[in-house]
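Okay, so chain A shows up in both of these, paired with chain B first and chain C after.
Here is the complex of A and B:
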């Protein structure tokens, strides 16, 4: 187990290097002048452009730039953006909100998704199963922003149960609906994965044995069936934490939440790559680390899986 | 007819038998035909010009002569919604085609060659998967799109199609790769190789036909999700732009008017969702019919 974890950690390094290089390359090397529109209608003075290019080392070859990026990232120095505001401070303001939103979304996915999957899997073909299957199909088909706008329009504008936009402090109560919207797609996937594995495992030998031993139905389901059926759903939830963060871009846009997504999006619109690069790199890191953690969790959930 | 051929036919035959008894399959098929006709011949559904704008009627609610009302520019929402089908279908289909070509070729090469080519392609795929979808699209489109000045409709759509395909191929590579690896060790492939068949013959005659089912199912669902992705990118302002007519743009243009004129947004959103739903339903119906485990 220990050796496996170390090997996986080492394998993470080339993927991380490759991905961050890709991001750096795409952002800094593709044609287009980041300072073209920074001075309003006029062209920027040459002195400004050359000073900026020097400060952000844009005249250096890509590999040198990338090396600076890595060095700064490892020493925890995220630098300043084009307006000379510290990137770290902006991140510190935005992170807590997005983390809160993402955690609530994961909670929705895990609790509602797994519960719906288990219920429909146990009563396969029944009324509840059909209702859940149809609603997950709808959730899978509605793009996240459509769900968002519909709920905003219905609950916020028509019924006035919620405030259509979230206030800057983003208290938990105001984040419930945005978190549900963010979770909707993965929630449907989780429910379906759980249902499929419950249906498959109900026919397995160990469940038959447990029933034959005279165990109560409750114990068979809760102890034997659930533990084995939850693995795919948990894997999925873990691997999707990373994409949840980027999905937050859309959700935060709809409900006007000042989190990482909003920060990233305005940075893209302003062509301020000094924020885009570290934020996307951090998101990728989160994504890869959660994937690793999920893989390591396998063995805890299913002792039959052995690491080599 | 050779034996391999007959076997393939009987799989499709089986699948068809199951499919034709499923209500959901027929519903999605009818909807699919409807959307395809809408995309090919929009004039069958409306005689109004989607570009014709009458500012005086801006944001007029639905009425008898304009079923879906008017948008911000005073254009007929119904006509624009009908014409939007073409854009969505083209973007979804071409992007999926690109994904299948890129991912399929990479997957077949990775699985067939194995060794270092396999690890290399798999690692590269992981790098692309490491960048979450929306994020990758934002990075590419945010840096590429401003470069074009006065782009034509084809250029705007082309960039979005390429970005969707470039970001989507690793998933398809995995599917194609595992399908080919499974088939590679089957006796009929070994036999073909023993008889002296070259790699191209083995891949095209034996491996591909047997890997087709999972790829087909995945691509049908992917067309749906790409249509949704295109709308999401357009909503964020980095996907399609005017003069292209698309549901995503229509929604994006009217998000700020959700309190006063939701009709200009809700109708395109309904068509968009229904279109995505059609492809997802169709793909799932075929998948369930192909997969004996779920029966």
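Here is the complex of A and C:
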């Protein structure tokens, strides 16, 4: 497994090079001049535009620009953005908030999703099962921004239980509802996935064996049934961490959270590619690493899958 | 916690056999109707005795075993009547908690397909050790030692090195040995083997049967061997119960059954075994299909396929006629079957 992990890590390098090049290439090729509209009502002077172009090396060929990007990245210097503010500082301010939001969302998905799935799977056809099946169907059919605006309006504006927007420090208590919104789709899917595998495995031969061995009902369910039924749900949750990060852009926009999503959102609006490129690259990196971790976790959870 | 029932020596109820199934009825309620899988089955097994239950798929032999074990899926299954006495106590009347303690301790079971019957995500040693940890409250280390001893006893080579391997890393025969090791872990008094060799190839089948017979001799267990394979039964069984359509159609000591069957179904089964001296001739096969449990034939369930069929067979369910002390046949014309055989 160690050798497998190292091989997979080495495979990340060409993938990262390819994706970051594509990101660089694509953002700098977008139409429109990022500097032309930065001077308020009047047009920017040519001298300013050319000075900025020179500073950000936009007058160089794309390969040279990419080389600069790589060199800066490896030396840990992300430079400044178009407003001459350090990119690294902005990232350092925004990341912790998004990570907090994403981890809370993952916790929601894992705890609520799996618990709901197990309960409805064990009591198939019962009242609780129907409630869970219908509510997950509802969650699955609503896009995140709809769920977000509805909850914001209902809980924040109408009932005033929460602040409709999150303060700049983004304490955990204010992130509960945004995290739930962010988690909602995956949560519903996790619950359904868990339910299906519980229902399927309940009639399996090894569960019957466990009963025939004289194990208590509790032990049959909690040890023999759960251990097998959680494999698909856990791997699903793992692979979805990456997409959760990009989903955060919408959620952070709705609740005005100053995380990575908000940063990326405003950077795209301002055509400030000095932010867009490193943030997107980081999202790619997170996606790749979580996928690798899930593949390794899968081998641990299911001994039938072995890596040479 | 270990002994929940009176010792067999002290119990004087019933006929006194270790395990008795009496007039058991099991139904399955499905959307298309009620399937009567078991219709009044009675059999018993004593310590050190081997009962072979013979029958084709759907004859109710496995459902009876699952009902004894208490692992029948209820619903759709439903126990419609009868009694299952273990050491004189009716298991069907015991609360679930008491019943659970008998599983593994008093009556244990091995299944046809060991690959699916073993849990794929736990090491085999862990699964055997679980018996000692849960039933006997042993520590993990002690239980693992016992597991290795058991794996040695069922002759798994290099048991110590393989105790942490997973089921998929073993061959079919070895997996069935692990299943057996797990079932005999707590020295049960009755072992039910539900088609233990069906999924294995012929040479391995013989080894597994030998192992079962040996373990039975060593610990004086009662063994219920469920099979559809007459060849498997001959060497190990003491007595045979033949099942058809959820009923027992013939009871006999093993050699008498092979020599002189008293039911047309048994006779048909015996004649459909390939024989060396009849090489080149067409093999006999029982005509027709097993009965549909949702629409059982009237009278004798076997009559649509029976060469001895007469009007009485269509209208009247044959009772189980006692022929001699240990022999019985559920055929109106058992005498003719017996005579025909003697010709």
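Annotations
Operating definition for what follows: the second predicted complex is superposed on the first by the 308 of 308 C-alpha atoms of A that agree within 3 Å, B and C clash if a C-alpha of one lies under 4 Å from a C-alpha of the other, contacts with A are read in each partner's own complex, and residues count from 1 in each chain.
FYI, a residue touches a chain if its C-beta (ideal position, glycine included) is under 8 Å from a C-beta of that chain, and two chains touch if they have at least 3 such contacts.
The structure presented is a predicted model; accordingly, all values stated were derived computationally and were not measured.
Three-chain overlay on chain A, with chain B and chain C fitting side by side and no clash.
In the superposed model, chain B and chain C sit 80 degrees apart as seen from the Cα centre of chain A, a figure rounded to the nearest 10.
Counting the residues of chain A that each partner touches, chain B and chain C differ, and the larger count belongs to B.
By the touch criterion defined above, A:146 reaches chain B but does not reach chain C. Residue contacts after overlaying the shared chain place A:206 against chain C, while chain B stays out of touching range. Of the two partner chains placed by superposition, only chain B is touched by A:250; chain C is not.
Contacts of A:283 after superposition on the shared chain: chain B is touched, whereas chain C is not. Superposition on the common chain places the nearest Cα atoms of chain B and chain C 14 Å from each other.
Shared interface residues of chain A, touching chain B in one complex and chain C in the other, do not exist.
Those residues of chain C whose C-beta lies close enough to touch chain A in the complex are 69-71, 73, 100-105, 108-109, 111, 113, 116-123, 130-131, 134-135, 166, 168, 182.
Chain A meets chain C in the complex at residues 203-206, 208-216, 219, 224, 227-228, 231, 301-304.
Against chain B, in their complex, chain A makes its touches with residues 14-16, 18-19, 22-23, 26-27, 30-32, 137-138, 140-146, 149-150, 152-153, 157, 164, 196, 199-200, 242-243, 245-247, 249-250, 253-254, 264-265, 268-269, 271, 273, 276, 280, 283-284, 287-288. Touching chain A in their complex are the following residues of chain B: 123-124, 126-127, 130-135, 138-140, 142-144, 146-147, 224, 228-229, 231-232, 235-238, 251, 255, 258-259, 262, 265-266, 269, 272-273, 276-277, 280-281, 284, 293-294.
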